[in-house]
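The structures considered in this document are given below.
First chain A sits with chain B, and in the next complex the same chain sits with chain C.
Let's look at the complex of A and B:
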């Protein structure tokens, strides 16, 4: 920002902040309240806090603030759940692979169908091989031992990876000329969308074993992931539908005039534009999905929330539930805020390009 | 609808594709049916809804009406459904009010209001709801016991047993009468043709007036109009006890939903053309006048559809209460499944309940939309 721009911004701010006596009072009052809250938080969380696990005795002193010792002592449990202690490096690398995949997908260079698919498939494969092991001399760790942040990232990435093509399929079916396909897609989308996510996941975990023959039941985690992906797909299908609606009929006609077939028009002309139009809403869906993964604790998965409860559930740590929850809340908050911020930045950029 | 002409226009391949889809559907349904028969026979469960008349024999955290562990499954499920509706509507009500305040603050020119409201939205929108509710719940159950309860003016007491608040000592039937009268007033006002904001303001005045009147008329003789909780022995007497689960649920959902509704409101206010606000300024309207007579009425129209989605979301969000043991429909259904084994019937009841709630809220939103629509715009 140049000096002149800063100056106009500042005078504008001054004008708005002190326009009337009421404004002045509000600005100063709110400023004082925020400063006071910030001071309390800072004082509790940093200045008077105890950080090291060995110093846990200090937490019991009268003027002690936050007791971050619980995090120091139990962060392995919170982040990795029941994953074997000696293999935690694998869980760390696997989580890094997923985070890397998400970060790469934010770079425009990766926004072609092949590049984005390759990134996600390879990121996911890397994650799975590292976590599951049993190749390259890594001991096998079954999915029931996965937990904590790695499990959250696993659920998130597999739901998005499976749900995206499912959503596109549902959206295409709903636009289809064929009445049966249209009917099926509409029924599925409207039905799933009117149920709470928890109901869908619960059905997959508890009810599906009754409805499926034994050989088709598979692991509970996969049933839940597929149900979650279906839930994601139903919402994402509506996002894609919005994208399709933004494309004028002339584009299809132009494609036909060039002698292209139906699928060629779809793949070469329509879909790239649909993805572009649907991008902000898609990122929003991805953010919401990350947040919603937290409900899997209810159907018995050892996610970040469950491992947090386990972390302060025993021995000396019972009193420090607040520090543990704040730590987990901060992890979620950091992921969700950075993804959300990126979405807003993208929306602004696209709006500017349109003008 | 599908006519013969559609079939003639389709190619053979397209018809074959649809037949395949139909076949797959039939196979899926049939295989689900036969698997269910085999699996249920193995578990020794007879299907059907006759279990609804059996006694449950287990207890749960919260109910609006009298209950005991000898209730039938039918009654227990009904209580669960009522709890979901209760928490859902209360949360929607308060979240909408708070959301409008937050959204208006975010739209205001004052930097102080803007900062505090965006900090609020950034915090509460970006942390999973279930985490917020569990967090709140653990704070509430770590409150001191009844003897050391935190008191606010000796009227409200906060302890690990819940929050005790004063309550009007009205007989139950008069409360029901007030509720019916308030609903009737709402219907009359919404049909009277005055603007929706005025109708809302009038309705609120009417509700307060009717409650006041009822207190004057119906308070039982010899008792005071308000029952204030007080500590006797180890527990509180009189007043109304709001259980820890209920408070955590409502406060958690309200704070979370209000952040989303705030964004909807801000978006709506943001879309009002600047020319209109400037026109209001040149007419000499104050800031409140512009907000009330120009911005809000205009913004409401674009706000209603996303607001309706948020209301439906709030209704569905009540299911996470199971994490803290609040007995909503989901909690009751999942407990019933473990206790009775009637999985398929119970899950159908759960889904049916939510489909009905969604349908009702969606109908209400359509009604609001029609009421707000400008003549000559849209369809």
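Let's look at the complex of A and C:
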């Protein structure tokens, strides 16, 4: 920041906060309260806190603050769920592969159909091969042992990855000129949207195995991912529909006048604009989906929240549930903030492209 | 009658037929499936349930219910790790059982009529009794629930506990005010802050709380009154009687071992030198334990060697060896003042 900018900022601040004696009093008063709260939080979370698992006895002392010993002792449970202890490096690498895939696909260079497909396919293959293990000659770990943060990342990215094209497909079907396609899309979207997510997932996890023949059941995790993706797709389809509606008919007519085919118009003219219009709502959907993965705890998945509650769910650690929840909240915050920042960056970038 | 029976057994002995043979040799579809699969599918939890289903620092399951699953695994497959413990929520446990996701639900599950009939389940003999109890401050001087006349009782809303406590106090003609809260943490907060005279909850849960969330644990006391005794049993699918037999005898063998003083440490010695015919049969020295259930003759010996007897399993997970230090109480053998008993091993 340059000197001049600092100065403007300062005067601006002065004008807003210290204009009248009352404003000054309010500013100082609120500032003091905030500082006091910050001090209490800092004092509790850091200054008087106990950090090492071996020092847990200190947590019981009267003036002890936060007891981060629970994180020291149980972080592997929180991050990896029931994944076998000696194989945690695999779960770490697998989670890194998913994060890497997401980060790479945020980079504009990867935004071509082949590159993005290759990235996602290899990222997911890496995750699955590492986690499951038997194909790579590692000890097999079945999906009921997958858990913690790496399961949340996998669920989230699979749902978005499958749900996004499905959502686009449904949106296109809903705008189709063929009445049958339109009807089918409308029925699917309205039906799924009228069900709570939990019901949809419960059906996929628990009811389907009773109805379906054995060979069609597959693993519970895939049934749940497909159901979740369908749920995501139905909402995302409506987001895309909003994007489509923002585009004036004149553009289609102009495209036809230039002699472009239906698909050419769609891909070259319409879709880029649809994505741009739908972006803020899409980021919203993605963030909500990340958090909603926590619902799978109800159908018996050992996700981040389940493993956190298991982490303090034993006699030795039950008193420190607050610290455990704060740790999990921090993880969620870190991921969701990154998603949000990325959304902002995309919006800026697209605005530049418009000019 | 007895003449008829002896005549019948004589006839059976002579002809080599067994009256019960048809039933004993009928194969349990679940047992057969488990043996073919080589893996027993048990119920876990989506998180943890103190003392019954937990996860240790090495990301492995532990707890009373988990140990019973492992004992069953040893009984059937001879290795305590040949099982898959499927994490299930409370709501999911019975549908998962019906759909075959698990072979048995051992998950702090109460034996109720509705579950037994409408849900199409079959229950084992109870292996644990837990019920509603009341905790009060010592300085209140209350000895039993009747001393709470005119008092205020805090309870979590919408649980069976609320109704059980209200019914009990009504039958004892105790005037009281019931204050219910949505969350357990709120109930405890209210009790701690003196908002109410007593805290009502599931007995084992109170003990866990007292051990861990009360700095002044010594100033509180759990009243003797057991307002209810909910039998906790293993749940299985209806219609597989032989499978229920296997689970019942797994539990019976653990209790019988405790009764006879067979422990993890002395089981080999006991098997080499059985003190009485019951132990000899239990440990497979004399035949009879295995064949009648479709298992190996020595299954109980292997099970005790791997997991210990019922007392050892209890102590490790809920009793002295655990952070909870929960008294056996009702969950002792009948001979020690509890209500657990074993069928006769003949």
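Going forward, the second predicted complex is superposed on the first by the 331 of 355 C-alpha atoms of A that agree within 3 Å, B and C clash if a C-alpha of one lies under 4 Å from a C-alpha of the other, contacts with A are read in each partner's own complex, and residues count from 1 in each chain.
In the analysis below, a contact is a pair of C-beta atoms (placed from the backbone, for glycine too) under 8 Å apart; a residue touches a chain by one contact, two chains touch by 3 or more.
Only a predicted model underlies this, so the values are computations on that prediction, with no experimental measurement involved.
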Touching partner for A:306 - first (chain B), second (chain C), both, neither: second
Partner chain in contact with A:314 - chain B first, chain C second, else both or neither: second
Which of chain B and chain C A:112 touches, first, second, both or neither: neither
Touched partner set for A:181, first chain B, second chain C, both or neither: first
Touching partner for A:264 - first (chain B), second (chain C), both, neither: neither
Partner chain(s) touched by A:29 [first = chain B, second = chain C, both, neither]: first
Touched partner set for A:298, first chain B, second chain C, both or neither: both
First, second, both or neither for A:206, with chain B first and chain C second: both
Broader residue contact with chain A after superposition on the shared chain, chain B or chain C: B
Which of chain B and chain C A:333 touches, first, second, both or neither: first
Chain B and chain C footprints on chain A, overlapping residues: 202, 206-207, 209-210, 297-298, 309
Parts of chain A lying in touch with chain C, wherever the complex brings them together: 60, 73-74, 76-77, 80-85, 142, 144, 147, 202, 205-207, 209-210, 220, 297-302, 306-307, 309-311, 313-316, 318-319
Contact set on chain C toward chain A in their complex: 44-51, 54-61, 84-89, 91-92, 95-96, 98-101, 208, 211-213, 215, 322-324
Residues on chain A engaged by chain B in the complex (per definition of touch): 13, 16-17, 19, 23, 26-31, 33-34, 177-181, 184, 194-199, 202-203, 206-207, 209-213, 291-295, 297-298, 305, 309, 321-322, 325, 328-329, 332-333, 336-337, 340
List of chain B residues in touch with chain A within their complex: 2, 6, 10, 14, 17-18, 21-22, 25, 31-32, 35-36, 38-40, 109-113, 115-116, 119, 122-123, 126-132, 134-135, 138-139, 142, 312, 316-317, 319-320, 322-323, 330, 334, 337, 343-344, 347, 350-351, 354-355, 358-359
